[in-house]
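Could you have a look at this structure, given as structure tokens, before my questions?
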Amino acid sequence: MHTMQSAQASTEEVSTESVSSAQAMLEHYRRVRQFSETLCAPLSPEDCAIQSMPDVSPSKWHLAHTTWFFEQFILAEYQKAYQPFHPQYAYLFNSYYISQGERHARPQRGLLSRPSLHQVLAYRHEIDRRIAEFLCSENLPTEIHSLVTLGLNHEQQHQELLLMDIKHVLSCNPLLPAYSEKERTPSRASSPPRWITHSGGLQEIGRTVAREASDAHFCYDNETPRHKQWLEPFAINSHLVSNGEWLEFIRDGAYQNPLLWLSEGWDWCQQNDISHPLYWQASDTEWQEFTLQGQVPLDHNQPVCHISYYEAAAFANWAGARLPTEAEWEYAAGEDHSVFDLHPNSCENGDFGQVWQWTASAYQPYPGFKALAGGLGEYNGKFMSSQIVLRGSASITPSGHSRRSYRNFFYPHMRWQFAGLRLARDA
Amino acid sequence: MHTMQSAQASTEEVSTESVSSAQAMLEHYRRVRQFSETLCAPLSPEDCAIQSMPDVSPSKWHLAHTTWFFEQFILAEYQKAYQPFHPQYAYLFNSYYISQGERHARPQRGLLSRPSLHQVLAYRHEIDRRIAEFLCSENLPTEIHSLVTLGLNHEQQHQELLLMDIKHVLSCNPLLPAYSEKERTPSRASSPPRWITHSGGLQEIGRTVAREASDAHFCYDNETPRHKQWLEPFAINSHLVSNGEWLEFIRDGAYQNPLLWLSEGWDWCQQNDISHPLYWQASDTEWQEFTLQGQVPLDHNQPVCHISYYEAAAFANWAGARLPTEAEWEYAAGEDHSVFDLHPNSCENGDFGQVWQWTASAYQPYPGFKALAGGLGEYNGKFMSSQIVLRGSASITPSGHSRRSYRNFFYPHMRWQFAGLRLARDA
Amino acid sequence: MHTMQSAQASTEEVSTESVSSAQAMLEHYRRVRQFSETLCAPLSPEDCAIQSMPDVSPSKWHLAHTTWFFEQFILAEYQKAYQPFHPQYAYLFNSYYISQGERHARPQRGLLSRPSLHQVLAYRHEIDRRIAEFLCSENLPTEIHSLVTLGLNHEQQHQELLLMDIKHVLSCNPLLPAYSEKERTPSRASSPPRWITHSGGLQEIGRTVAREASDAHFCYDNETPRHKQWLEPFAINSHLVSNGEWLEFIRDGAYQNPLLWLSEGWDWCQQNDISHPLYWQASDTEWQEFTLQGQVPLDHNQPVCHISYYEAAAFANWAGARLPTEAEWEYAAGEDHSVFDLHPNSCENGDFGQVWQWTASAYQPYPGFKALAGGLGEYNGKFMSSQIVLRGSASITPSGHSRRSYRNFFYPHMRWQFAGLRLARDA
Amino acid sequence: MHTMQSAQASTEEVSTESVSSAQAMLEHYRRVRQFSETLCAPLSPEDCAIQSMPDVSPSKWHLAHTTWFFEQFILAEYQKAYQPFHPQYAYLFNSYYISQGERHARPQRGLLSRPSLHQVLAYRHEIDRRIAEFLCSENLPTEIHSLVTLGLNHEQQHQELLLMDIKHVLSCNPLLPAYSEKERTPSRASSPPRWITHSGGLQEIGRTVAREASDAHFCYDNETPRHKQWLEPFAINSHLVSNGEWLEFIRDGAYQNPLLWLSEGWDWCQQNDISHPLYWQASDTEWQEFTLQGQVPLDHNQPVCHISYYEAAAFANWAGARLPTEAEWEYAAGEDHSVFDLHPNSCENGDFGQVWQWTASAYQPYPGFKALAGGLGEYNGKFMSSQIVLRGSASITPSGHSRRSYRNFFYPHMRWQFAGLRLARDA
């Protein structure tokens, strides 16, 4: 799942206008950090403590872990004789950084009634205070800017995870409580989908390793290095597959037809009794869907969401098409090519679509990929097996945290992330 | 595990002094009900929501379930056109009463962040108000007194469960928080243990089915009927086995010696890597024990607690003794016989010892046992397989909720209840 | 499951007519040992190697294990400088005797293609030769006769296990091969069932510890000591419950009615999708049953077989009756009381009925039970937890291997043994 | 795992010299079919019936399944009113062809004592007779030659599987029996390993879809189509990693160092207690290895074998190198490039090395891959998820069944196949 990929931090020079830069950085820091707490505002202390499955973390844990990240990789690293806020928080809130010491087992994050939400917020505020103080200190090491940028991107990733996770938590409650009371406006049918043809050839994808990873040019190391790929001519669809189209797939008996599925996918369907996307529920008269706004009638015009890779691949097969490779996706999303319709429907946040899009590509290192040295770089590649790349972004992706080269990745059976699909085919 | 055994309710007459009786009943009702909330006073909303294993229920769930019990079996049963407090609470807070409709799966009680603790307390107070009103109504059916008595005994059982459960919840937190800050006073060595011999013969155990189950004479139906058992001469020890004695068992390598164990018990040890009682922890210099007062040094004079039946049986074997049968235990605890020392150490609440005592008896119906008719009687015997009877009571058993004939029961591998042992042998 | 309970061997004197006694013993030895091989005659080498579930052992393993028993407990024990037949057979063919050294894991007995069936038979014949030689030696220790008797009773137990196991093995093959081609003659309806009333009172059950365990008086130690039990008046049915009666139970929806079941039993049904006895199969027009003679139409007059304790208890509940305790069963089967109809139908081998009969009694030690010293006595009680006593015998029980006091035992969910039930009720 | 990829069969013309061609084909058919039986010659009926884990099939099953393949896809398809040899063999011996009907569950192949080995051989001989008769018939459809070729390649795949599987079966027996008594000659140290540099660029890999798939040009469809890949400059090692080098990896504590491993791989090590390759065993004085010739001292010069992808990746990481991609491997193995030393040691059969070589590439369809129509083509891509490509061949690969473009694939944790590794690095 979500790895915390480390930034391609420049360790060389720092901008000369350090004062104003520090101010801007601090401003940005406060804005991003505040947003995590804003996201928790509708939640009770109990909501924030629940772990509904091993993949899910409690909201409270997200709030604390992202704070530990700043404490561990900046304060503890750069401040002499730094005294941790609490002697056991490193144990409780380290996610998977083996080099940073022992840690609490992931499936047991939901057993931690203490520290309370209130105590976690106090932890946040004290670390924020210390960070602010530190950022205002003189002779700040040049790499601090990059580390803060990385920490804030990390926080943004967790903001999306927090929403994915709380949706799952609330969905497990028979009361089906809404996270947000905001009304959903039914979407309008958009322009009809069309196939966009690309000629392919020798193309470059990925990102150059940055000399300086300012906010605007930040990327994770798994997006590097920029490298060549040969692409055969292909077509990609302008639209995401919609709920309405998925209903046709269901009605055609596709969930009962093994010939459409990968062998693993078919076994997964049988073992887990899968016959529709996660969060869908059939009533007597209509399909309903559990959302962050509670249980609502299924909106046929919206992109289908919460499907596994297996389902996406079966749908593409059924539709006589295939999933795009990540290289095709990135190339097709490029500026100097005719872009596909990234916003088929109403979409507030999603810069690259309302749902992440499964690709045909296994998550593997780009040719020439190099892991960074040190604690943060420790795990750059350690998740590069058995997972699948998703491209785009989702409606819950924080503003500013999406880009053409972003490589999201999940195991093929996972569905609680906001994942849909876009079709492709050979041209 | 703990079944909610229904009362032997008389359905015939009601005492003529109904007014004062109703007042006394209400007074008793309020006292018992209030105590459940008092037990939760040291707990945060998050503490009350956690389920640390399938056998454990969140404190909040105990508070709500005991309330549902009164609502379901009294208000809904006896009030015309009764409107439930909440349409889904019967689903959420029914434990295992199949006749009372569908219910939330037990292992998922910890997924319910809603209703909040605050809402559950509001539920309690409203049902308390309705019950009080109902009890003051005229022409109260004669069986109400018995039902209230049963409901309060049920509540007391859950008070003990709540403490067992919250101890387990807190023990799973690496911070090892204390439930109560009250200091533990080290116990003094008591008088030396001695063997008390009984001549046996044809004895009666169990309780006669009550004509009228007033508070003072209440018992669960699994304690009935009173019946004869032939006992060979035997001796029973005056004392519970102590932590100090258990340390000798450990030091003698008993956890590594398969010849001392039941075959099932040995397999259980190997599969779960068992080498000491639950909640014990060896540090470099001494043994420590997690308690409701937090982590403390092991008190050698205290009775050993949190052991499985398998461990109890192996200890008895190692000691050249055996466990008493439940008939022997009850007979030995009788008034007209020399009773064993029920309070070897300081013991506040426990009327029959500080820890429940594993017996040699499988939990099975007494000869002539009859299940009551109706919803409450529905499950009188349904837990009578594969479990073992424990006798006595524990330090956390509510005052007034223990008696000589009480049959507690757990599966042989279970350890989170407050269970120890007393030795017996053939005379 | 089946423990190998050790004999109550006298260690004192031996009969003076030692020569003819040794001859008779050897004769008996050969007859019993030969019968094991006769049972395997219809089987191929592959049939004899398969383990269809962890509880089942391959036929070949039974043949070897019973041989190892004689080698280990007689030859290796009593012959100076005894050279084992094969250095690793003790490892491969020790079942569960921890004191006799390490052993091959039970669930992996089916992985042993070597030694071949041919080699196992060679092993048997060589040990038979050595035993014969040994029994003809002078100054035979007095306890040898008891050990041989025990070994032969052990072999007979395994003869029944071998048939139970091979039936399970063959049932897993879609070809549904028959073990034996012998035709089954349909049974006639017997005399109508009737209730036989017993007055109870203080009764003795179990067996006195034998001074000398000659063949005719052999018993396992779990049948001892003889002891008193108080019995209330009760009635027991003359007949075993039949397939026809079980069909009524099915047609009445009993497998779908949780109120009839023990809580554990209901969960077991749900988790394993149980809706009929093991080996039954519904076709379009009729019920069929897999037997040692292959797939045959269900015979309504035959006793129901291959049911779990949970099913037996639910049936008794449905029928407004209960299971007898083992004390009631043994008392009712006694000489000086009106015995129940042990052979309701055609029954070739079964001395006490065609199927073992689940009782209401947990398998626990009799009061005063003492484990023997030494390797064979090592495990006398180690299986006395969580299992249920069955009484009687089955059509596949070897002739001469059944008696009134015999205590068979299995876990309550087990069904591959030949188990049915007889009803009882309070008088 | 091993998919049965279907041939790229031409359906157009057939060679005019049909008679001699049919003769040659039949000759080839007999030779390949006979070799399967030759491989089973050292095995007993019991050896041939055992399934030691779900991934393993009994030898007998391999013999029958490859026969069913010819019966199903040739005789049943092309002969009018074809009567199957046995009505249930299609059920028993269909592996995973959903379009060909229901089939016996894979993990239960070891439960089939019947049909016996003898009956399976009779099945083979009768189908061989019918095939021979059919191949001599006039007007043979043009695609038969391709289907026979495919069936024989399928048989060869299963010959390798049979050896992998029987090695696993025998390894589970504490007697550690040898499959073959042939002595192993210790290998000599070969020439020192060296890095071979390739300039990369736009290269073609894979195979053109054949117009006519004669034996000499046969390939599976997953090897097609031939397509371009851009390769950066890289170096590949001339030698396979040896047992001696693996010992250095072990001695350096690599199995205890999480920083060397993929996250999944580390979890796999911990959960399965992995500290050396499968079949290795440490004695007091030396390492031993279980082989088809029984237990032997570890040969340091031999290529390491029976490692998982996780171990291969960790080794490469430890060695400061990486695994080659499958494109790099195929390109480096090409005729017009300096090939690496495919035979570092004595190697009888392996055309491309003694062990399969894990690559860095996930098993996915080549660009433009098209599944064939019909039953055989049904599953061409259904295994293309979560598996890893291995290239080369192994010492147990049948002669003539290896080629540069061959794509073998297994799950990353699998080790019972003959898999090792060759290192690569960026140039």
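So that you can tell them apart, the chains are marked A, B, C and D in the order they are listed, and the count of residues begins at 1 in each.
Just so it is clear, a contact is a pair of C-beta atoms (placed from the backbone, for glycine too) under 8 Å apart; a residue touches a chain by one contact, two chains touch by 3 or more.
Treat the numbers as computed from the prediction; the structure is a model and nothing was measured.
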item: Length of the line joining the C-alpha centres of subunit B and subunit C, rounded to whole Å; value: 38
item: For subunit A paired with subunit B, centre-to-centre distance based on mean C-alpha positions, whole Å; value: 47
item: Centroid distance [mean C-alpha coordinates] between subunit D and subunit B, Å; value: 60
item: Overlap residues in subunit A, where contacts from two or more other chains coincide; value: none
item: Chain contact graph, described as a line, ring, star, complete graph or other shape; value: ring
item: Contacting chain pairs - touch in the sense defined above; value: A-B, A-D, B-C, C-D
item: Subunit A-touching residues of subunit B, taken from the complex the two chains share; value: 44-50, 52, 60, 88, 91-92, 104, 108, 110-117, 169-170, 172-175, 177
item: Complex interface listing, subunit B residues touching subunit C; value: 96, 98-99, 202, 227-230, 232, 258-259, 261-266, 309-310, 313, 325, 360-362, 364-365, 367-368, 378-379, 381-386, 412, 426
